[in-house]
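Read from first to last, the chains carry the letters A, B, C and D; within each, the first residue is number 1.
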């Protein structure tokens, strides 16, 4: 398998299967001299960790990060930051049934066909457990991006949507809600929806919106590595994601140019922001915002028909401990991936013109 | 500027400004011994080229590709394929007004801020003229992918949508319509819509759907380089794109797991295909399909207010020759980028297991 | 710091400071289904490990490799192989003196200037301890390259040289000698030389020759990534290396073309092999051989003058435990790096022509 | 073929066969706003071009570079710099004999075996004609590196060596000599040697020494991308190169540590410079110097025995126009490759610490 690295200059390479000994990663390219706030990293890990509330999986992982290199006397050395998270609460017996069967809409079938040999336990490498490493790296990227704030929140669960623009929400209150929806009334409805489906052994999809403020003008490399193309790749690489749109998004495709254009004002801001803070792939200083669609979790606590490795129809029943809806826990992952994208472009932008050298 | 390369093993690097001497590129990593059908490449270029119909820009570029290396006696040498397309019908006078002003929702402002020094003529490097190089490389990638068919079509213009699933359309007839919509009745409405807006000096957005058939099982590198993450990046890197979704997409986020899961059948296909042919980032052999949202063209044939480089409000009027809607010409670009993604994964998949070595 | 990855398809990324908690790495791109012989890996580690004989450093590191992912039921999964080696016998007090002084011909000064902030203990990231990770990855690469044999040996210590061509040596006996010289008489002289210098608190340089047999024809990517260019980079990236030559090397530069050319025979071998098994950057099936020059170890057990961080002259005395000559322990490192280069080209060569797809 | 790109941030990708329509390349990552001196580029091209003197090949190529993008109003745009050099004086008939035979010590055999299909004319992609693109990119890199001087010269031809340290030579006079040896008496002997061999239809090898002054402290990325490892790869990727050494090089391997160490002085220079300006892979501010070995040109104007594609012994006679010794023309190529390495590290060093951001 290739494709276990993300980023060009600020680069994360990760490893680890869901029920192996450990997961972990290496962050290469973080500049020297950055003070590292370990508590802030731990806080992000707690936001992602399983077992954090009644609407998430009950797998209980402390998800403590061990840094093995690259940080000395509280500051980055400029050398690669190696880290590891032990897998503790694994229960491989939950997975014996799927050793030879393919769960519907899971990666069991494709891994089996592609690699021949697979670690079926908890989905192995295809498990979202891998995203814990993204959160570690993203938490460090956030510290590099000091003045930029990256705030994601759950904007829908099933067909329960927040019906306000993000400007009318207090994004600092997102984590007050276990579903991570900053609108109190909607949050309540979302939780009810999830609990009801959980009771039925069913699951639901949802969307996350992310808002990035205070991005300096000039980040992003036009043509193939446009800011929004990298953000899109980053988000689509998160487990269960089915779609990405930024600024006016799919709605913009229904608009006329005379409605859609953002007019420049004399202070170099724009009167509207359908561009989503990005023009020609480069940040223009306005808020960057985008929306990410997550499909419903494929593992149901219901009996489903499927086939086994010989192609014979079999029945499987959901075991293991799974989230009825991934979006609450995916909020810190979305933020982490956004931070990785921005950190990379931030470094690269330092060498865009001879004046900045 | 970095970010002018796309792909890892089958890699395109491109160059060129809209009104410079030429645009072109280098394709590195195409295997030796591939018979090249130059007519097929030319045909793709004709599908993208300006001036092809009454609803596209009247800029008249023959867009003839000169291959400079890498092909000998009709077959690839395995060496880099260099190519060049001269810019012929440029009319830099059209752009003198915007030398010092920033067109709304264009890249003028961000390029100016990022690079200090810019070629304003026709948008320079930010122009969609650059996509001609993608079509050249994509046409070669298609020839490498012999049995795989990649078919894009216009699925909406403004709020005029095709209201049928793609399975009910004859995708071989897409090019019969100048708007590249395979549904006759809808095509007619789309053309009317575009002509009406063109008459008003206005523009419109739209969407393109792309369907890929006969993909072998196993393409895609899970984790960061999932098949759909790379497709998403590829599409989002095309000018004017605001969103990407595959399979069930944003609709999937509203569904329950019990509705969404694709059941495996004994022939290893699935009964439904909400997964969009991709599970865990790897192709599963079903059709891959996705949808791409394009914003309305930002250049209007109307007077607009904006600011100049000193921050003063000025009025500009659209000049130059522009499309009232990009989606008809973007169809071959979407196909080309999809072909680049697949060609790259196809090569990489040859070294996934020791059995394939 | 960037540059902690080696290879394109078979890629090692490493981390770790000499006296930090652990060193380790991630191998990405190893094909699935490869049976892993852990004993063979351990054996390579023993060949490199400190404290293995009377002529190496007495630092006592068991250098046990913990594999954390990527191997399941004895075979590679195709997923990234994460591994870790704990640092055990570190004695940071040995290094308190150099916390603020720069050892001559060490990286202390340049790290201090480049990064501002450094881990001085044992040289931190600049220590050759990092090469243990290369040996792990190289040992796996060797297993992938089954039929290819890679054999390095010490060809000189100071001015004590083996005076025979490698064809006259039994390379299977290299490890019989603690100095890893397969010629018995020369080995004895080399050991005497090293012991004498060690007694004086002094050190010596040396060279290693490496011979690679059974390489298939066709490995290597001409132009920038020629086989010998990658081998050269690989070797020059090993600590203390000052030079690299392959085939006729520097002697070849004194020859005439009529003396130097290798004549092809009807069995497609060549009568001589001044090309060193590589023509135009591509392996031609003959033995690949090259020679690597190592400078004398910079840390002396003598008093030396140097400067401290304020620029003032100070005297330092060698502490810590160091090798009087690195070449005996560098033999497995040279082999490991050669294996990484070959594994990468071996994978890449599988997609060179459409016939191999 | 992969491997047609060099560099990470300042990156050259090249294309072109010796007797195809053109050769050329794309330079991606050159910062915006750099004033380009086209005459200086042309001058470097003249230094490399064939037909420049009585001791070089008589192929007459004007080698005029056409820049197609990336430079506007005399300054770089930050966008990719595309360029092209037409092949003019090609005489494919000279090569009909080798269409089916393999010239000794050439790449004909390995290309044929690796790719199946090859352009035999003038060696196709394996020809040193490709290095013209390196000189273009290197000339631009030199302009980016304003204060750093990179000066190469011929230090030996066959066994005729300059017997002085480089400090005793006036490197500004190198080009006064057609053999590019700055020592007048030695230059004369070298020219005599070459002319004598040329008269016999024979060829000779030689070495080039390169000295880089005024490199700032801190360039180079330790571990795999050490400054000297990248320089070594760069040099070894030039046609006909067999060896590379820097600083004390192979001689250093014969020395004792007490002789070899460079003592730091209070001004942060070192009293000697056996380190060759690089410690731990990072420049220390002293002169960087290295030596490159070139084998004798393989094409002789004599009859040689070889085999054809069927494995049968045949006789071939040298045709085409070839250099009797490559080193005079390789001097600007060595400088160009050194400039590419330094430009890349220079850019990267701007993001090494948070203080430089």
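In this section, a residue touches a chain if its C-beta (ideal position, glycine included) is under 8 Å from a C-beta of that chain, and two chains touch if they have at least 3 such contacts.
Computed from a prediction, not measured in an experiment: that's the story for all the values here.
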| item | value |
| --- | --- |
| Winner on C-beta contact pairs when A-B is weighed against B-D | A-B |
| Reference chain D; chain at largest CA-centroid distance | A |
| Where chain B and chain D are represented by their mean Cα positions, the distance between them in whole Å | 39 |
| Approximate Å spacing (C-alpha centroids) for the pair chain A, chain B | 26 |
| Residues within chain B bordering two or more other chains | 1-5, 9, 14, 29, 32-33, 78, 114-117, 125, 352-353, 355 |
| Residue ranges of chain B in contact with chain A within the complex | 1-6, 8, 14, 102, 104-107, 109-111, 113-117, 125-126, 130, 156, 158-159, 197, 202-207, 217-218, 220-226, 228-230, 232-234, 236-237, 242-250, 252-268, 270, 274-276, 279-284, 293-300, 302, 304-307, 311-313, 348-349, 352-353, 355 |
| Partner chain A, residues of chain D touching it in the complex | 9, 29, 31-34, 78, 144, 346-347, 350-357 |
| Chain D contact footprint on chain B (complex, rising order) | 1-5, 9, 11, 13-17, 20-26, 28-29, 32-33, 66-70, 72-73, 75-82, 84, 114-119, 124-125 |
